[in-house]
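Structures for review follow.
Both of the next two complexes hold chain A, though its partner changes from chain B to chain C.
Take a look at the complex of A and B:
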């Protein structure tokens, strides 16, 4: 009887200990935004349109047939940090192993402990739908030799603990650079890290200290507010970032969000956005009329918007990116902001594709990018036409 | 009487029996969390094609244009009903859902209703215009030996006033009075004159300019504090991109 009691007590203690490990692992999955690609139940299926074709995120539940139920801990560590699956299968860097390589083995192990507790889902996913020759996985050996420099996060002794924690999260598990750092034709990083990049029909904005297009005008507290709630007085997350906020940053703890903010606020300024438009008086005049007719009711004549519901356009770094890809997309297709527990409204922007032609969209974007103190390159009707076509391939 | 009641009782039972079948096809959806959203969402009204006629025959076009031009005569305030596109507006409406009474229950029995209930007969609006315009021309031929459009403006006014005042009875159908036909044409002409130009009438937003209505604008915050100062901007249509 006593023995039985002892055994039960021991079991309770060890399950409590492993529960804590699982919680820590679950937090690692938040930092790494696993749900963003692998789906809410982690059974895969989210499609990623890359310049090389379509990749579909695989099932990472512990199902033995269709998931990763047959992985060992070491298999998982190698997949995360070396991009090599069981049997030597090469992963594609859409799985951000170049960033996860910076994670500590302890964090990866705790993530593995969590993933083994997830409910197994039987779902076969056809992952590799890339075009030839990119669908040949062995080619990734060459890519890895050329571009992959696996290295654990290197502590920067010249910076504080918060900075180092922020740099670790941003460049490691949270893999910010996967979207916010520009890529070469080969899909490797180019240019200054986190200075903005185009992907999947959106422009992931400049996160450096540039005052025009970067986060130079945001305080660290505003960075935290944005990541926590999806919005602040400068901006509202929509598009792919709304998913990142929902699945990842809104669930990060405040200390980690502050650390990320400390790190981002310390990034030196990028080369800027290319400067303001000149010789575009006709575009500005037309754009003012389009703005008054279609935009002013929410974003205000003075471009200041309405606090956290309608984002301001004046002084908004997102409006002043080097590329107007996101802006044109949002005007044409509309957009839906993220809804978070702290900010549950999720305001929407209507579609104007039915009403505004390419020149009118280009004019109003040029206008908002060069009014109220904003300075950014002009937008051409041709650019808008290309974006419209890419968004609505069937009807145009 | 008892046979009729038995019949209606049988019909009632049959229709009740059909209910579960209909209910099974009804669609329901529950939403939780945030409102659903999809890109390019929106159902903007489609602008009508301004050219040609979709419902009226050439004879009817001549007659209805003469009517709208007397109901809204050209003067120093505005162009007339014809130049404003009122006949085009009515034509497109009659060719569409309104003309076919798609919104209304149009099966029998047809019983006389109260005046406040409007027309209760079996004719669709398109059918009423077809019948009414022919009867109007028949009346003009019978009394003046000419079609309505060929009458002098004063004669046209007298005919329309007679229809409105109950002094003229066109050969229509029981349950569809001449006054009802007149009021229908007057109502639809006003709609065409004042509705957004995308529906075919109100060309160049002439009626809005006449009364100083700025149109489909939805933000006056830059003007709201300027008391007793006319709004300076021209009217805009739902389809105006700039303004």
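Take a look at the complex of A and C:
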């Protein structure tokens, strides 16, 4: 009887321990934003538009036929950290294995433990829809050889524990650089890390300490508030970042968010955004008129928003990026901000494409980028025209 | 044969103001709730596009957001001696359609009915003797002021109402409405900033000894975060509220206060473009078991539920009860039956003054940008020497300066051509108006029932409205018109016009979408369709929420009281009914 009781107690301890392991693994999936590409149920299907064609995120549920139910722990570790699937199949770096390579084996193992507990979903996904020759997976061997330098995260002894934790999360599981670091024509990182990059029709903004386009004007607490709620006094997350906030950062614990903020706030300033526009008096004058008629009702005449619902344009780093791609897109197509439990509204900006022509959009963007203390390059009607064209549904 | 669906804890019919409040409160209490909405899904950024929301032709003239008569029409007549005819277009009132309901396109004037309204019969009997009410079916509502006050507070804080308290816990506060019943705390946001017309009105009536105060407004004076964490923006005074949705998140509606939280709940589901045909009762007729609805493809479904909450707007609530045989039809001849009883409306009149040399800039407007005086509302004044009961609020509200419909011209102006153009240019900016929103008291012959002849697209009888302005209300309204004339004299206008109510309600010109009664609340199942918790006396798992529960209509806009009743009924369901299902009041 006593023995039986002991055995039961041991079983309880062991299942509690594995439950804790699964919880830790679930948290790794939050840090890594797996849902962002693989979908809410992880059965894949989210399309990623790359410069090389379309990739579709695969099913990573434990279904044996269509998911990763036949993977071993080592298969999973290799896929995560070396970009090599079972049988030596090369993954594309849209799966951010160059970042995941920095993760500790323990974190990858707990993520694996969690993924094995997810409900299996039978769903075959046609992953590789890249254009020739990029659809040839063996090409990735060469890419890896040229550009992939797998390395575990290296502790920086000169920095504190929070900084190191933040650097680990940002560059490892959270893979911030996948969007925020510019890429070469070959898809490898170039230039200064996290200084902003264009992808999928959006410009992922500069996260460095630059006071104009980066996070130089944000306090660490404001970085935390943004990642946790999707908004702060400077900005509000929309576009691809709203998905990152919803699936990942809003669910990170406060200590990790503070660590990320400590790390980001310590990034040296980038080269900046190229400076303010000059010789554009006519654009500024026209833009002021467009702004009064169309934008001021929400963003207010002084560009300060209302500090509750509508984001400011004055002092908003997103407005001052070197590229106005995101701004033009939002004006033309509209955008819906993220809704989080702490800020559930998720306000939307409607489309103005039917109402404003390319020159008007260019003028109002030039105006908001160079008013109220903002300084950023002018926007041309040609740039707007290109973005407008890219937003039109492809003809069949 | 309708397809049978899995049972839910609660089925809500209609997702307007009341449906959204009930859904929020019931899901918060852990119930699994489905709402079935006849109209489309609508949300601020996608459907209330700020870039074109102020399209007067599309929304105000062509009435894009309203119920279409092809979906549901009604028939009307003034007396039982007449044959009711169907309305070919909605005119006198404009019911809502779709998610958010009429709460999408309201003005935002957010009143609390008074303590003396909820206990109107007791109050008037005590002050004037019961005989003064002869001919009027005035009766107490069954709920008292102290019971309902916290629910008003909940609705005001949900919406972020902008106003100034006049009576804080019995202490009269200067600048607020001294006639309001005691409130537990002030409004959540300060009053709106006033433009010239309401400022002048307040100054002029104050000099005459009256008590003007800022009209309580759901167009917010400042940005606001409500108790659910939902955020609203500051009103821009664009003047496009009534008949329009707000593109700026500034006017309280289900969309701007509840839906961002509600729609994410795992225990809530919304089905739009699904029209409930009827509530199905158990064979003994004592309990509702399900609702039958038809989706946009014409497929019929049966949705079972433990609780059915009818939140379909006052008139549609009554029709749904009659179609489902919940309670007995009221008969104006015998006085028997309760459903359809005490249908009331609103009795309005107005003054307009044309000046020389004044500029009112009416394009600076909002649904509730204004000042009100309640010195002649309800029983705020002595009716002893008068030949009527009731009264009205006198409101100077600059709701719109819209170019198509706002074309005031002084009497005697040319009706067309260059002379008319000149007169409208002068009248637009140099005239101002104020109005008396009069009460509407129930009489035996005003009621709702099912039309014996005309049916809807599904073959169901239309609702028939039998209504005319009662003599008491006409006398009340003429008294109000007299007050408007007196009050306007010292303004020194070049010309002043004052309208006067007359018998013969006309369904064509717009008057008010304040249809009340028909499924009224009360303490006696012989004279009310629902009890003080808005629970059907006859079918206790059916709750009927809305202005249908008003036992009479006061001289105020109904939405504040509708919102309070919704919170009040939700509280009864979540704290009493789900613990012990059954009749909450023993009669």
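Everything below uses one rule, namely that the second predicted complex is superposed on the first by the 383 of 396 C-alpha atoms of A that agree within 3 Å, B and C clash if a C-alpha of one lies under 4 Å from a C-alpha of the other, contacts with A are read in each partner's own complex, and residues count from 1 in each chain.
Here is the rule we go by: a contact is a pair of C-beta atoms (placed from the backbone, for glycine too) under 8 Å apart; a residue touches a chain by one contact, two chains touch by 3 or more.
Computed from a predicted structure; not experimentally measured.
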{"item": "Partners on chain A (chain B, chain C) - clash or fit", "value": "clash"}
{"item": "First, second, both or neither for A:290, with chain B first and chain C second", "value": "first"}
{"item": "First, second, both or neither for A:310, with chain B first and chain C second", "value": "second"}
{"item": "Chain B versus chain C as contact partner of A:391, first or second or both or neither", "value": "first"}
{"item": "Contacts of A:334 with chain B and chain C, given as first, second, both or neither", "value": "both"}
{"item": "Which superposed partner A:348 touches (first chain B, second chain C, both, neither)", "value": "both"}
{"item": "Touching partner for A:357 - first (chain B), second (chain C), both, neither", "value": "first"}
{"item": "First, second, both or neither for A:301, with chain B first and chain C second", "value": "first"}
{"item": "Interface residues of chain A shared between complexes with chain B and chain C", "value": "294, 297, 334, 336, 339, 344, 346, 348, 350-351, 354-355"}
{"item": "Residue ranges of chain B in contact with chain A within the complex", "value": "33-35, 37, 39-42, 44, 217-219, 221-222, 236, 239-243"}
{"item": "Residues of chain A touching chain C in the complex", "value": "294, 297-298, 306-310, 334, 336, 339, 341-352, 354-355"}
{"item": "Contacting residues of chain C [partner chain A, same complex]", "value": "43-46, 49-52, 223-225, 228-234, 236, 238, 247-249, 260-261, 264"}
{"item": "Residues of chain A that touch chain B when the two form their complex", "value": "286, 289-290, 292-294, 296-297, 300-301, 332-336, 339, 344, 346, 348, 350-351, 353-357, 360, 391-392"}
